[in-house]
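Can you read through this structure? Questions will come right after.
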Amino acid sequence: MNRESLYRLLYEIKDGNVTPTEALEKLAILPYEDLGYARIDHHRALRRGFPEVIFGSGKTVDQITRIAQGLKEMGQSVLVTRVDPSAAASLELTLPEGEYFESSRLFFWGRRAGRHGGRVVVATGGTADLPVAEEAAVALEVMGNEVERLYDVGVAGVHRLLSRVEDLRSARVIIAVAGMDGALASVVSGLVDVPVVAVPTSVGYGASFGGVAALLSMLNSCSSGVGVVNIDNGFGAAALANLINR
Amino acid sequence: MNRESLYRLLYEIKDGNVTPTEALEKLAILPYEDLGYARIDHHRALRRGFPEVIFGSGKTVDQITRIAQGLKEMGQSVLVTRVDPSAAASLELTLPEGEYFESSRLFFWGRRAGRHGGRVVVATGGTADLPVAEEAAVALEVMGNEVERLYDVGVAGVHRLLSRVEDLRSARVIIAVAGMDGALASVVSGLVDVPVVAVPTSVGYGASFGGVAALLSMLNSCSSGVGVVNIDNGFGAAALANLINR
Amino acid sequence: MNRESLYRLLYEIKDGNVTPTEALEKLAILPYEDLGYARIDHHRALRRGFPEVIFGSGKTVDQITRIAQGLKEMGQSVLVTRVDPSAAASLELTLPEGEYFESSRLFFWGRRAGRHGGRVVVATGGTADLPVAEEAAVALEVMGNEVERLYDVGVAGVHRLLSRVEDLRSARVIIAVAGMDGALASVVSGLVDVPVVAVPTSVGYGASFGGVAALLSMLNSCSSGVGVVNIDNGFGAAALANLINR
Amino acid sequence: MNRESLYRLLYEIKDGNVTPTEALEKLAILPYEDLGYARIDHHRALRRGFPEVIFGSGKTVDQITRIAQGLKEMGQSVLVTRVDPSAAASLELTLPEGEYFESSRLFFWGRRAGRHGGRVVVATGGTADLPVAEEAAVALEVMGNEVERLYDVGVAGVHRLLSRVEDLRSARVIIAVAGMDGALASVVSGLVDVPVVAVPTSVGYGASFGGVAALLSMLNSCSSGVGVVNIDNGFGAAALANLINR
Amino acid sequence: MNRESLYRLLYEIKDGNVTPTEALEKLAILPYEDLGYARIDHHRALRRGFPEVIFGSGKTVDQITRIAQGLKEMGQSVLVTRVDPSAAASLELTLPEGEYFESSRLFFWGRRAGRHGGRVVVATGGTADLPVAEEAAVALEVMGNEVERLYDVGVAGVHRLLSRVEDLRSARVIIAVAGMDGALASVVSGLVDVPVVAVPTSVGYGASFGGVAALLSMLNSCSSGVGVVNIDNGFGAAALANLINR
Amino acid sequence: MNRESLYRLLYEIKDGNVTPTEALEKLAILPYEDLGYARIDHHRALRRGFPEVIFGSGKTVDQITRIAQGLKEMGQSVLVTRVDPSAAASLELTLPEGEYFESSRLFFWGRRAGRHGGRVVVATGGTADLPVAEEAAVALEVMGNEVERLYDVGVAGVHRLLSRVEDLRSARVIIAVAGMDGALASVVSGLVDVPVVAVPTSVGYGASFGGVAALLSMLNSCSSGVGVVNIDNGFGAAALANLINR
Amino acid sequence: MNRESLYRLLYEIKDGNVTPTEALEKLAILPYEDLGYARIDHHRALRRGFPEVIFGSGKTVDQITRIAQGLKEMGQSVLVTRVDPSAAASLELTLPEGEYFESSRLFFWGRRAGRHGGRVVVATGGTADLPVAEEAAVALEVMGNEVERLYDVGVAGVHRLLSRVEDLRSARVIIAVAGMDGALASVVSGLVDVPVVAVPTSVGYGASFGGVAALLSMLNSCSSGVGVVNIDNGFGAAALANLINR
Amino acid sequence: MNRESLYRLLYEIKDGNVTPTEALEKLAILPYEDLGYARIDHHRALRRGFPEVIFGSGKTVDQITRIAQGLKEMGQSVLVTRVDPSAAASLELTLPEGEYFESSRLFFWGRRAGRHGGRVVVATGGTADLPVAEEAAVALEVMGNEVERLYDVGVAGVHRLLSRVEDLRSARVIIAVAGMDGALASVVSGLVDVPVVAVPTSVGYGASFGGVAALLSMLNSCSSGVGVVNIDNGFGAAALANLINR
């Protein structure tokens, strides 16, 4: 309901086509569906440039399935994050045409968005950062982005990264995924002139404090042009990169 | 020194125009100037799309002035952040054509970049967030961006924000600056389909822990599409928004 | 034993109806029962406006059962929190007329308090906040309050919340339950003129630090009129709202 | 602008008294005044039951004075918190009828609200908690509440507190202000059947961590019925108590 | 090897009864036994007034058994802490005369020390603090102290505690065991003139942070005369109380 | 007012010597004096074995002076902690017979308690820990304890400590004062069989976090028999040692 | 590719032996192998003085096996850390000549490096620190160092440590492994004139915060000459000690 | 007093040249001088390979001067750290031949140690890290090490660092000094095969938390061979590097 459509509605009252009571109803009823425990926001697809995403963690399989069902019935695509294999099996019964990506724990049902924008590079410091990186990469592909994976290019062997500088510089936006010292984001950002989305991961032990060390390192990047998302938030990085890349 | 110019250099060796020893020197000497305490990176203007920025805090006035002088002599623009009025007075003696922005504590000398990209909205939760917001806004303007300021639209009175939704939606990128509960970033991001750069500020007291409350709130934004920078890092937000807006 | 009854007791000594030794006993024996590991406070029902509540976590099923039995024998109602299904099965054997609320993990035996006060709205940011919200809602109902549930109205889609403003404004007190950025409390409080009890939840991951992000956000609410309880403390919120609503 | 007034406006369009364009303007222009750096929300007095409060810390004296002036011109009362003596002197020039409360650092201009509700007891653990307690007490009085001060009744000498139990029990709501171990809130709450608003203070040193010890203690109160506000937030406690007491 | 025995040894050299080489050996060989992974300190029984205590957590059952065996062979008593039932079963095979205390997870073999000193009161805030309190109480009894248990006297119902003031005041030292707000230590200490050993427990959830809230509360006790030990460290409290009580 | 005196009072009612109204007054009026901002607890001298101590920090000079004056008038001794030189000058005007101890920032007026108990050793890790150690040592002397100072015996040169083992072992209780790694408490406690009161100090920088490193080290002492007080709390250590030493 | 070999390459271009295109390829192709999820850096053996180490935690058994296989095929030695027994069984199938060290969870395949440098002492505070100490000790032996183990010499009985001073002083470098108060590093370092590598362990509970107490203690060592590695990082300590010992 | 000299002393008793009483005295008197507030350890120069270092912070100028005077009189060299200019002026009066290094706040009196070992490279991330780096560099020079300074080579422009790889690789040990993201240590360590001593600095703001971000980053270095010292501890890094370099 934007300014223009409101203007039109008001004119329809003036012209007698719509009664004030009807107009009031139209203004009051907001376009979401009520499942009791979750309100599905059908306008979000238009507003955010992407269908509703269901954060799978902390919801019962039954809740996920019913929300997904509701979205499907509205003809919307569905992306569910943090789906473990047993929940995936259950979702596949309800949405048999859906696809489950095991390495990223994503479940997708619907039409992939059309290809748009430039290339998004997803880089990781190590092998253990893969699940988070894949959550970002698969989500980006589903949203219509071209993705290049550049895994295990951490700064412990900085030449591995430097040999791929051309790849990094050809991107429209880079997602840097790293745990432990989180130094990847600073080094990558210093090499390029595109936005870098930094994702700290909980990879590490002891004084990594579940990703806090990498998070702080990335927030304090000595190279500017870095935006940070939550620890292990691969999808969040993809959503931000997707908006930048449009 | 990119792939192409390296190729050309190698051919010049083959053609005998350049001796191997000369080539070695060219490859080894990197294009920065050594002041002893600071290496000025003249390639950065090309690489990052913006001239060297001097983080003023923690440097002596003498150090700042000499670095700025070195940059000016190379014909580069200079942006100094966190300049207090007394340091500004000293800088103005060395760089009399420079401009000091008191509310943002920025000092700029040089040519502003040409206008590019869309509009950047800089929004704040409260009046006390102004210095950080102005650091972002002025830096963005100097880098060639159109900026719209939307100050004191915090979520304590959410209708103030809602009345400006059209402004928010017309932006290419939004910078949300807020201290205390940092809720502005989540609410703004939920209303638009453009990237949001969130800047937590140290505004607050007690359990705000110098901006940590706002920082955590922004990292945990329940709306995706938000990239977070360091507490009070107005310039960092501007640098990221500038790269997004190109 | 208030001032008046003490006065009466002292007069009875004067009148010779009570010996000093008897009076001393009356003054000394406080009205609780000693089970060895738990002292049941039978005066509490009068003093706090609600029967003894047993915090179920960290107690053995046997301990819970015996405390509950003791309370029942005194004719008091019993509310046990954080009861997992296996403990509930055991409690139902001892107190067969009791009721177990699975979504909120509450067990109740006794008479519900008479309806009093205005309406209490329990609002949540997301679907995953339900268990905490239900702990609050069921406890409130047992204590005699009218409860309206308003679930999944988080600020990522602020219009969902705004469409229910009339509901919010008609409440005597609102409980705002949210994890992640905890922004719900600030936005709700800014819309109404009634007290808001904020409950941070441990919903989230990474830098939510088990609910700390939401807790800090709520303590720093930019809108005043918010009182915060411990993370996931649905019952504590209900107890406070019940006292406000009397 | 509530449902009813919107209904009336829509009818006026139908009746031709208001053109759609005029109606659009009315709907769009929200009732706040724009000073550039601060938006004054004139509806807030109606909505929150109290005039706009200016948080003085972090604002320049000039900003405070101009916001206060704007409110005064609207005929609204003004309450400014955290006003140091020099800022107070400046405010008194602009608003000579205003009153400055040095012990609480509050500045008030306008009409005190009419007496309403029951009594509010403001209790402190020690002498050093006075400034925070006075911020609460004076704000409550200005908002029309009867206040009783009960200072230095900390639990180190629990009989001091017990001797005042009758005072505590006669209150409609109690504000417990304490630093260090913050135990006052638990003990007070265990003695009464009214809501307790707990205010941790930064009184203490070392492992009090600027009030964190008291804050955590209060959040973990072993007695229910306690709502906690930010460290040193006397005004916030008053605002919440005022809403409870209406 | 104290000053006196050294003096005697030196004289024996002078008298020719001991050669310097022999003396050197005597001085060098310290009285502990080397098991490879654990050095048993047989002098400790004399020095600390109590036999070697084996902290059971983090050691294999085999390691515990062999250390205990070594101590037994030296004729020393053995106290093992944090022994889970399966490890206890194994220990009982090796040391069949030993005793396992299930509620406190202690295992003891040997002679109990003779009764000494005054009475030690062990008080807890709630029922869930029992395991820690029992670790203290049983250890104290084994070390020869008279112990009085005063459980579930938390400050939520301060009269429960006050009715036992005479018990508290008759103690030589009091151990106050409490989780959540940890307020018990402050209130108890304010009522008596004997040392209070405070033991924070990990009882609680959310912002209790595994006992940190209680720990900080106890360190910031507004009543002096309180010494704090580590979270859940019942044995440590007993060891300190035992030394005070001698 | 103990059990016995209550018994006597009740008999006096019976005998008609005291009216119930008079008795009520006697029971209600607790023995403290109300200065408005501070309640002086005259019973404390009897109850805690030491006169009221005024924590000087966070109180105005005027408040300190008036509280001290009130205590003096009751004939009680006065000990004020954390008195800076200018406040001391003011106190000396009011209580000219008082004594100011500059190195410990203590002010004392009254009679020193009679010598009792054994010796208390106050040991420090370094020279910078002196102010805290002196606060403990002077307070102990005023309370009637024999004190031996053992300064700068930190574990960086463990032989310095070992050469004084006889001194340590002859004490009834030891106060170990140390910042940085706080290792002094563990090493001292391992050498003796008397209680050790550990005082972490804020001496250090960086990752000492204002004494937190030493505090945690002391709470985790690998040698039992250690009770910890707050960071820099020299007086608290003295109060605990005094109770142990009686 | 060092300066000299580059010089030779450039000359080969000049001499026409190598074309610029071929040279470009040589310069661009860095010597690592791409497995998709892990880049094996074959130069590292030369550069770091030790073969590639695989951090086993967070990688699947399949990933570990394939990386190890790749290294073996290059003729390089392989050291895998944090290998649990089931992963070890799988590795032994692929690399049957490999050796699994259960107490240290290390797996090694290849040739041990030749003996070099002096002796490395690995000391622990307690028995529970063994797994971390063994990770260091075995890794050091594999890298060609002579290792002496000095276990359970914690400062609770400082004479145990002092009796081994000669052993400590004869080392080229000492690794001090300790949890809880972490005091071992300070005391050891004060006794010797060689570098000490300090390894905090997660041994402990409560306020040890998973090794943070020991970590902070070691970072604040009052004796200089101490370098600290991450909590439980036995291998990291070995790698540093190995570089020092060469 | 080593094993040999003890042996000799014991023989002298046997031979009657020394009485047991004299021997006892010799054994008891340890070689330090007692100034009351500081024990000067004259053996340390021999034991640690470097004269006593006075940590200037937290000591009065008078204390520093008298400790320095005591050391000078023993003929020992003196190094004082964290000396501000006014304290330096005072020291120069007492030790006029001493030297004050303003950029590093060090004061030195005595003979510099003879040149030993290889080269130590001191590298910094930025210009603001200079004071800490100079504390390390000057201390190293005084201790007899050859030092090469490599300042402002942070990873934001990684080519600045790479162009100096030959310098890094020729060192015996490298000190990496960096604030903010602390990434310098990881990148440097990955390029070389010598030990790296990492010094986090408090340079930065907001979420750098006074150097904690850099500290954690360095402890979690993804490249092994890094030992970390306390935040801003330039001298500590020098002391460790000196021991490694011998």
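Each chain carries a letter (A, B, C, D, E, F, G and H) given by its place in the written order, and its residues are counted from 1.
Keep this in mind: contacts are C-beta pairs under 8 Å (C-beta built on N, C-alpha and C of every residue); 3 or more make two chains touch, one makes a residue touch a chain.
On a predicted model such as this, the values are computed, not experimentally measured, just so you know.
Counting steps between touching chains, the shortest path from subunit B to subunit E takes 2.
Remark: rotation between subunit C and subunit E after Cα superposition is 90° (nearest 5).
Farthest chain from subunit G, judged by C-alpha centroids: D.
Subunit B and subunit D have CA centres that are 38 Å apart. Separating the centre of subunit C from that of subunit H, both taken as means of CA atoms, is a distance of 58 Å.
Chain centres here are Cα means. That of subunit D falls 49 Å from that of subunit E.
In subunit B, the residues touching two or more other chains are 3, 126, 157, 191, 206-208, 212, 215, 219-220, 230.
All chain pairs in contact, by the document's touch criterion: A-B, A-C, A-D, A-G, A-H, B-C, B-D, B-G, B-H, C-D, C-E, C-F, D-E, D-F, E-F, E-G, E-H, F-G, F-H, G-H. Contacts from subunit G toward subunit E in the complex involve residues 126-128, 130, 151-153, 157, 159-160, 162-163, 203, 205-208. Within the complex formed with subunit F, the residues of subunit C that make contact are 3, 6-7, 10-11, 13-14, 16, 19-21, 23-24, 27-28. On the side of subunit B, the complex with subunit A involves touching residues 3, 47-49, 53, 166, 191-195, 197, 215, 219-220, 224-230, 235-236, 239-240, 243-244.
Interface residues of subunit C facing subunit B in the complex, by the touch rule stated above, are 125-126, 154-158, 162, 179-183, 185-187, 189-191, 204, 206-209, 212-214, 216-223. By the touch criterion stated above, subunit D contacts subunit B in their complex at residues 28-30, 32, 36-39, 41, 43-44, 55, 57-59, 63, 67, 200, 202, 210-212, 215, 230-233.
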